[in-house]
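As written, the chains take the letters A, B, C and D, and residue 1 is the first residue of each chain.
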């Protein structure tokens, strides 16, 4: 395992220490329980927006704490849901009296831990609403399974809901907006290589020199199928078509197109993929009114990409464009 | 070779097409000759700032074209200097009457091509000044060699000089500032894995499972020495100490500390390395007044990192903090 | 009869087993999960062991274990095992615990797991190991009002092992493995495996009780 | 005597050789460079070949080759070979070229390379192949005022090959390989190799001249 780390068990802590040192103007990092909170703490009368999940997806979620996006994030161990005590502490730290929204990616562990945290925070007198994000079309959506995973839409929803909260939306309204965006978003990802969880020390899965995994999860969970590697344009087709068909997005829809690197795929390839993704979107009559291209929800050093489409409305465009100032996403400020 | 590409020889072109599609508000991309120019073209009375070099280091340089940084960039093939006709066209496209600064990384090819371009542009009536950036302490600095390579300082100088040009500095003043910053900047990098140039199809160099290369160049040029992989803190020491000693930076100096990913190293590791880099800087009495942490000057998918220190003055801090709005770096706008 | 000290021994024995099998549990969690079950359980059980000393009664001990697990395990197994011990604690008698008490405690724990995680037997989760284990305890308690603890604990452990093994051919319907659908077949569930260790640790460490 | 058509044949022959040896040139450029010399030269020579037809004189042909190389090769070799042809063009007589003219043209090209790149013989660059090649041409021109072209072109090619081989033990002092210092020893310089091909292509394609 080749990584710039010291002790595999200290990766998250030491990384957070560096993160705190790099961005003291934006965030504070608390340890035991561990959470990241905006440097200026709870905002009087503003809904707090909190997310969290396993580490290893940086900049998500820690990198989206600051102004105009998340108020706090709870990092777990690498690819492991954080725990209720972290979430409870983070929730209480950003409760400005208007309640707190939990944005939870749909993984059994995350959902259960956030559930317990919400109960604890409610017991402590904080209004909590939770919205579970499940945009990954690679997974069959069925009440007989854990359902679809939360992936790329999380970044978009954190931005849009963070802006809504900054704009003075009430808790129920921010929560409803998050749920509506989730309803209107779809994603799918693929991997060219595995990632290696530091504490495991070995690649999570084996992919042959000529293979790729279509429908990969952001923790290296296997996807729909394993295929021979193919030209980028074919790969983008394999991702875009199911995403568009699933909702289904239709002719004339305004969309945000998010082309994401899983970590190891460099920008030169990502823009090349974006070129094709736009083509596919336009061939379906979609208007790409906003875009995001880069490594925003990653899986350590995994090579691969994902695409996310989110239907845009005037309100969502306004909130997307609103100023954001976080370590991982910044504009207008 | 596992890459999200179609045809190895079309990578740069197709990637630029996607880049243009993603950022029409900021840039225009011209082909044959190929260059990227800010969407609003030459700025009357403003010094134009142009850089360029081989592709594969994204976001550098294309990603730094926009407002408050570069006016144009010339992308070559992957890791190959662009050609004089590209540079000449880019130079003429951003000449607002106040002359144009060429920021050139010190590689034989880049220097010679930019030299020819400067001659051509001067013949065409554009005032050109060139500053060669050579901050890589891994390479011996000697008039009997090609000298030191230009690496991390390039990003910082592009930002600072872009802001100076936007601020109305005259050509000589922007050029002098670039030269002074270059004088006051030092970098060193390392690699855990090789990168693969698409048209070559094979890793540029072989590193064993237990080896790393200290002093690597951004095109995979071998460095000072090959060593057994070591904990991140030791690696950071191996980079920081020569950087600090070379200039030498001294007690009380204000510095910008730039911890850069070569591409394949994820943010979780980079922040972990930043934590140690700050410690080393502070142990030497340096004040880290600004920082930059992320993949800003990369080598395709290479895993590894580099550190850059730039001495800061009040002027440089002001110019660093000035608004910048480019695809790759953005704040205050 | 099981004392507070016995429970501590059980937890320590379980923590040792988890530490020993950490890599194996993680390996099980790789093809059908995300390769962290061993680390998760080990982190949680270290915290549980660290919390043991402060508690004076069986209930308080189990409660401390639950809090340690909940605050350190993370993932799906943290809330599930945490709830297991929390609910078991609520059923623990004030003093010594007999076989029937034990059966009731384990049933309460299992019920908690099912309430929290919504899994049914056959879904390829820890429930598939816990269910036959608890049923074996209940059967023994029913057969004789005060059965010999060593025997019934080993019988229950054997039943969890069989339950664990039975997860191999199952198609997962809960947790991370459910994303794989049919591809989850042919792999043993990691959580069922750690549940078997829990019951086996009871048989190993409480036999002197 | 060498005609415009001969020069075209030379350039096409060189382009073919480069295309054929692309992977090898890149392989040479990997341990002591950045692994692109084959691609660079191939891209440049394709452009040079494409530009051939428009030119009517030796000078114009060489000038077109230079512009093709300069605008498409990139890297260090683009300006260097571009300058080589630019300067050679300046020395080309208006009509047919004899051995002495050829020697003067190649000398002018080499001088241009050295002005542009500042390399001396012994620095482990293309200059190490070009220099003995040019010297062989000059020697032959000096020995006899109108030497038999086939012989002297082959003699010059042989000299460039020896020059190329002599780069193996050298420590690079110019170009990308100079970053390696002592570690550049033991590798043949890619640019010296492409320069040998240039002179060998002349021997191969101009022998009928």
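Keep this in mind: a residue touches a chain if its C-beta (ideal position, glycine included) is under 8 Å from a C-beta of that chain, and two chains touch if they have at least 3 such contacts.
The structure presented is a predicted model; accordingly, all values stated were derived computationally and were not measured.
The greatest centre-to-centre gap from chain D, using C-alpha centroids, is found for C.
In this assembly, the C-alpha centroid of chain B lies 32 Å from the C-alpha centroid of chain D. Averaging C-alpha coordinates per chain places the centre of chain B 55 Å away from that of chain C.
One simple way to say how far apart two chains are is to compare their mean CA positions; for chain A and chain B this gives 29 Å.
Among the residues of chain A, those touching two or more other chains are numbered 78. For chain C, the set of residues touching two or more other chains is empty. Chain contact topology: the protein chains form an open path, each linked only to its neighbours in the line. Pairwise chain contacts in this structure: A-B, A-C, B-D. The part of chain B that touches chain D in the complex is made up of residues 33, 54, 76-85, 107-109, 112-113, 115-116, 138-140, 144-146, 149, 197, 199-200, 204-205, 217, 219-222.
Residues of chain D touching chain B in their complex: 26, 30-31, 33-36, 39-40, 43, 70-80, 82, 116-117, 172-176, 178-181, 183.
The residues of chain A lying in touch with chain B in their complex are 2-7, 11-12, 14-19, 21-22, 55-56, 58-59, 63, 78, 192-193, 209, 212, 229, 231-233, 235, 263-276, 278, 291, 293, 295, 298, 300-301, 303, 305, 325, 330-333.
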